[in-house]
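Shared between the two complexes below is chain A, which has chain B as its partner in the first and chain C in the second.
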Partner chain A sequence: MYKTSWGSTLMTIILSLALGAGAILLLGYDPIEAYYQLFRGAFVGKFNIGGVMERFVPLMLTALAFAVSAKVAVFNVGVEGELYLGAIAAAWAGYAFTGLHPLVHIPLCFAVAMVASGAWGAIPGALKAYWKVNEVCVTILMNYVAIYFTSYLVGNPFSARASIPRTPTIEESARLLRILRPSRANIGLFVALGVLVLVWWMLYHTNWGYKLRHVGQNPFFSEYVGIPPKKVMIWGMILSGAIGGLAGAIEVMGIHGHFLDNFSPGIAFDGMLASLIAKNDIRMVPVLSLFLAVLKTGALGMERFTGVPKTLIDTIIAVFILLAAMEGLFAYSRRRSARSSGEEAA
Partner chain B sequence: MSRILIEMKGICKEFPGVKAVQDGLFSLEEGEIHSLIGENGAGKSTLMKVLYGMYVPEEGSIAVKGETYPSLTPKQAIGLGIGMVHQEFMLVREMTVLENIILGFEPRRGGRIDRRAALEKIEYYADTYGLRVHPDKKVEEISVGEAQRVEIIKTLYRGAEILVLDEPTAVLTPQEAEQLFCILRSMKEGGKSIVFISHKLQEVLAISDRITVMRGGKHIATVAGSSTSAPELARLMVGREVFLGGSPVPAAKGDVALSVENIFVPGEKELSKLRGVSFSVRKGEILGIAGVNGNGQSELAEAIAGLRQVQRGRVVLGGAEVQNMPPRRIREHGLSHIPEDRNQRGLDRFSDVKENLAACSVSEPPLSSLGVIRWGKVREFAEGLIRSYDIRPAGADIEASGLSGGNAQKVVVAREVSRKAEVLLASQPTRGVDIGSIETIRNELNRAKEAGAAVVLISSDLEEILSLSDRIAVMFEGRITGEVDSSEADEEKLGLLMTGGGTHV
Partner chain C sequence: MDGLNEILSLVFNATLVRSTIRAATPILYATLACVLTQQANILNIGIEGIMIFAAFAAVTTSYFAGSWVLGLLAAIITGVVVAAFMAFAHLKAKADIFVVGMGVNMLAIAMTRFLLQRTFGVSGSFHHNDIVPMPRLNFDFGGNALLDTLFNDYSLFEPVGIVLVFVLAFILYKTVWGLRLRSVGLNPLAAETAGINVTFRKFEVMLYSGVLGGIAGAHLSLGYSRMFVENMTNGRGFMGVAAMFFGGANPFWGWIGCLIFGFADSLGSRLQSLGLPSQFILMIPYVVTVVVLTLAMMRKKRAETARKSAI
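Up next, the complex of A and B:
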């Protein structure tokens, strides 16, 4: 089984940026200037740093959701649907309850979102655990169900009757405090980081996490030592769903203030990529999520000041993913070259 | 003296934290059967994998037919006529026997695979050496013995003149092993040279021209097969006198701890693999269950442990009916279980040794409190077991997949025996384990019995059954065909029961 290492991840990052530089050069721009603007666009000024954080939070939480499901050997493509359900549940709880203290209202919204999306995540988990139904197909299809269901809700029972399909604005008491104004970054960042640490701690320092990890690694062994693999698999999916839902809730409560139809441009799929590159290693999830967030945010600045199209960044991300996937290949060819150099010495 | 084919000198191969082979020495003459023996983790597999080009040694030289190389690649090795049958088979289960054999070396005619040519070649080997296989069956449908013959044909097919067999008999029944020896002898007569790795000294003595002993990664001695004896080999391997065999130790018997009453259990392919099995075991007693593999022993163990559905009948453990309970509940009622398949069931190979050792106790104090694991205590617990069961290399953080076969088994035994449960169910506890460790494991079973546990010992090794059991039940085709007291049992009587004789069914 693969383990990630900081060194190899850093190498992959550098290499993909270098290949990107080659592409920029080919397009007839100056790569140094482009990257300079990219990093300025991501790091200079409160607005830009806030922009990175804005993207980082949902990316990291959805990556975490994916990584958790991977720990119980479920390939959960359904985080996007969970994000939508969590978002609309939080929006509903945000406008339907009034007159609450923020310290009550905010946790309430989180809880409603996490219960809704956790229950949603349990469905593919149970189908896989008890009936061996392929979770990839189920979760892909369930994404459509979830997203269209939220479309229905914002169009009808939850509609704000505004010109665009959205819910009413949530109460002030359900809003997450903004930081780094004028950006839309908010204290959801700390919630997300807290959840990350908590999940890591649960996985590696509690009995519950011990069960979760072993069920994913070897269900036969788990069953034999007395861990019920099917139940644990479902719990893993509930946790994964709940984290996905929390990501949606933070989007609504911290950024938009309401649920907007089709608000996510596939955030959870970027999250899934981040987790896959991290080889589902929880400690690497924030690092890679941050890297993707920086690239995506900085791309705007790069385009504005140098004219390099920001879609190029998506190319770099794709290259990055390819390289990360090829890491095994590098390790293999290193072994090979060690061997052949040995032969030459003879 | 005949020509020397292989001469390995000064081989060193290290893994992180382990010197697997140090100054390794090995030579092979043309047309000989040369056995390589040593304790678990002595470096036998590693040394042979160096020869087959799977590992690059840090030091040393390998001379093959007069040419010297610092290291080989598998491709070179195959080109030089070296073939290896690994300890863990490397066949693709979903493919047919034929496809497995020709994989990567397909004979072609006009861009297509020439099945006819492949079949002819396979038949040639089958006839010459008595290697009977079914080319069109899928690998998952054939027995272990046949899978092994497939592996041997595969190497011959690739043109092997030198065959390395890594513990080929560990997974075979005595009958299958006998067949294998016939095959090896006829291959030897056909001019092939064979390296044979085994833990069973009787086999080694019966078949070898020369024997090389390794210990702790080092070459200890190379002796002629005709001029040595089992005790001498054991002493060379372990570095001290080893005492195996003997007869069951007396211990005070108590109440019945486990009774199995007329159970029916389905198998993989049959509806009822077990048909009305009954027996009971008292505290302070070892019940041996003998039989040729595949007569329902695996299903029996899994049924008792809750890993397989019981259709009919009762399993009474510590006064409660436990059939069809989840494994956790059965463990709570007082069962420890050493499973037959250590790689899948017994160990989580991707976790480290301490997580494997603690798997059954991690959720209880003192290893955890309020659901939080206390890793310090877990480490202490694991290191204690590593010391008392002499698990090597002695590291709590080593991944289980890096352990040699016997040490992996010691991890399983340590975890299960240290629970001090009322009933200990041990399935093939010493399969593929070296004699030093066999001694340790058998002593542990006796100690558990003396401490008052009821032990069920399922083994296809008659010698093991005879030297440990107070009573012996024999299984044949899903039934118990007889039960004898150890004082009246001998190999002949058991052998008769094992083949279905002596009963009126």
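Up next, the complex of A and C:
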């Protein structure tokens, strides 16, 4: 059930781009020109490639966080909250500790962020494991709690006393090195890719990962063969939360340099959708995250050069997600075409 | 001491009742929509998207046709169409309802933003004097200030929502239709055996929740306010889902949940105006819901264990 075929994903991508082309044509623009500018806006020039990478990193990490939680059969909608907590924890560690070497300071910030958001992720995990409390509901609610909490922190104890609610700027030693200037892409990209490979390796090539997947597929059988399903489920959620926190930390340390109140426009929800389309398959997560990042970045260039509004691209992405979700749609039409071809043969 | 009293009387007064109801009503309609579908075991997370679409349809129609009734109708039709799409995707095309819901939410935000630009040439928000709002209810209490604050100047759908809570509770718990619907949610196989068309019921209930979602959107843009703002639900649909969970899919308890949300919201904004950090007050409803959910599940688990050991 949790398997994606490259073919059907590709077909959905093509279909949604075709629908988008239809819409662009209806609006009186040239779809080929629009798509050409879209891909130019994403791939030509350091700034544009950097822009794609800048969006890709948080998208991919939050998608990965969601996919990991899905491996233990928990739908972690709370990655957004974990992103916020990780971001503010990293910002605090970034400005509160001074005089550290970057090689100490950066891992320290990551660690603080991952511990904070991992602990946050453990709460819904424990509630689900021990009392079967619906995790979708709990995590949605906890997002609000986390966002209000960071909003309080940034307004009061951690405030920079600036005109906008934000924390003091982090130390230079906690900054992630920028690559592909003048864009804001940074070495967080390599951290993210490293984490992706590490998580994949842990899930599929270690004992621990085997237990994790085992519990996700059948907790009763796990209990029977001596794997404690409750503990493993909570560990899965801690890992998921920690990855979400890392995404927030990279946003702060690589891009903004400080924590800004309400800084994320639902990054983790986009990530969650990327993971959902990938059917939570870790190998497909980076591909779909990259696809979404390309569309979102290229949309700016497309709007600038052809006048096609970039909100149209957001609409196309949503249509793409809906089409990808309706796995029965193609199967349905395939069955029907199979039947009709059978009738022809008869 | 006088200072404290003064602050308390500034925060807690008769207008708090009004602002609680005012803040709770948009959430209430979302809750009722979720209660209906949850009874058939569908988690309608896309209610947020339905509300955004409906709010846009209501404002556009009200602006062009100059009638709030037509605006409401357009909102309801839009809500039903979106809900029908979700039902089709979930029941026929076998999509995960959770993915469909989140997808619809995303589509609603993107598409209304796009349509806002195309239709009115503005981005962000649209307000205009030609938007006809829903009527407000006014009675004559002979100038009694307290009764005036408590019972006057409600938007039409604020009292209607309260009536609807009881109507829905009656339908769900006192009619054959309601019994059958709940049986679909509790045990679809048994319901199927009893001759109930489960898929049809689920589809039907999604359409009704589209109606309620449509009203929620129309109320938000024509009753609660008089404009359309990008992403104007701002999480109210999710709060509706939360209130539904709070009440365990019971309309009455769901309503109580909405009132707690509304109360915390109005209390928070008052405390903020006094210079206190409002964030902790605003957090309360969410924390309370999580705690209530957990307690409910703990009790259920204890009851199950007790039953098992009795056997």
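Definition applied: the second predicted complex is superposed on the first by the 336 of 346 C-alpha atoms of A that agree within 3 Å, B and C clash if a C-alpha of one lies under 4 Å from a C-alpha of the other, contacts with A are read in each partner's own complex, and residues count from 1 in each chain.
Convention: contacts are C-beta pairs under 8 Å (C-beta built on N, C-alpha and C of every residue); 3 or more make two chains touch, one makes a residue touch a chain.
Quick caveat, the model's predicted, so the values are computed rather than measured.
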Overlay on chain A: chain C relative to chain B, clash or fit: clash
Touched chain A residues, chain B compared with chain C: C
Which superposed partner A:6 touches (first chain B, second chain C, both, neither): neither
Partner chain(s) touched by A:223 [first = chain B, second = chain C, both, neither]: first
Chain B versus chain C as contact partner of A:190, first or second or both or neither: neither
First (chain B), second (chain C), both or neither touched by A:207: first
19-27, 73-81, 91-99 or 397-405: stretch of chain B that collides with chain C: 91-99
Set of chain A residues, in rising order, touched by both chain B and chain C: none
Contact set on chain C toward chain A in their complex: 43, 45, 89, 92-96, 98-100, 102-104, 106-107, 109-111, 113-114, 117-118, 235, 238, 241-242, 245, 277, 279-280, 282-283, 286-287, 289-290, 293-294, 297-298, 301
Complex contacts: residues of chain A adjacent to chain C: 27, 75, 127, 131-134, 136-138, 140-142, 144-145, 148-149, 151-152, 155-156, 269, 272-273, 276, 309, 311-312, 314-315, 317-319, 321-322, 325-329, 331-332
Residues of chain B that touch chain A when the two form their complex: 56, 68-71, 73, 305, 307, 326-328, 331, 337, 339, 344-351, 355, 359-360, 362-363, 368, 371-373, 375
Residues on chain A engaged by chain B in the complex (per definition of touch): 1, 205-208, 210, 213-214, 217-218, 220-228, 335, 338-339, 342-343, 345-346
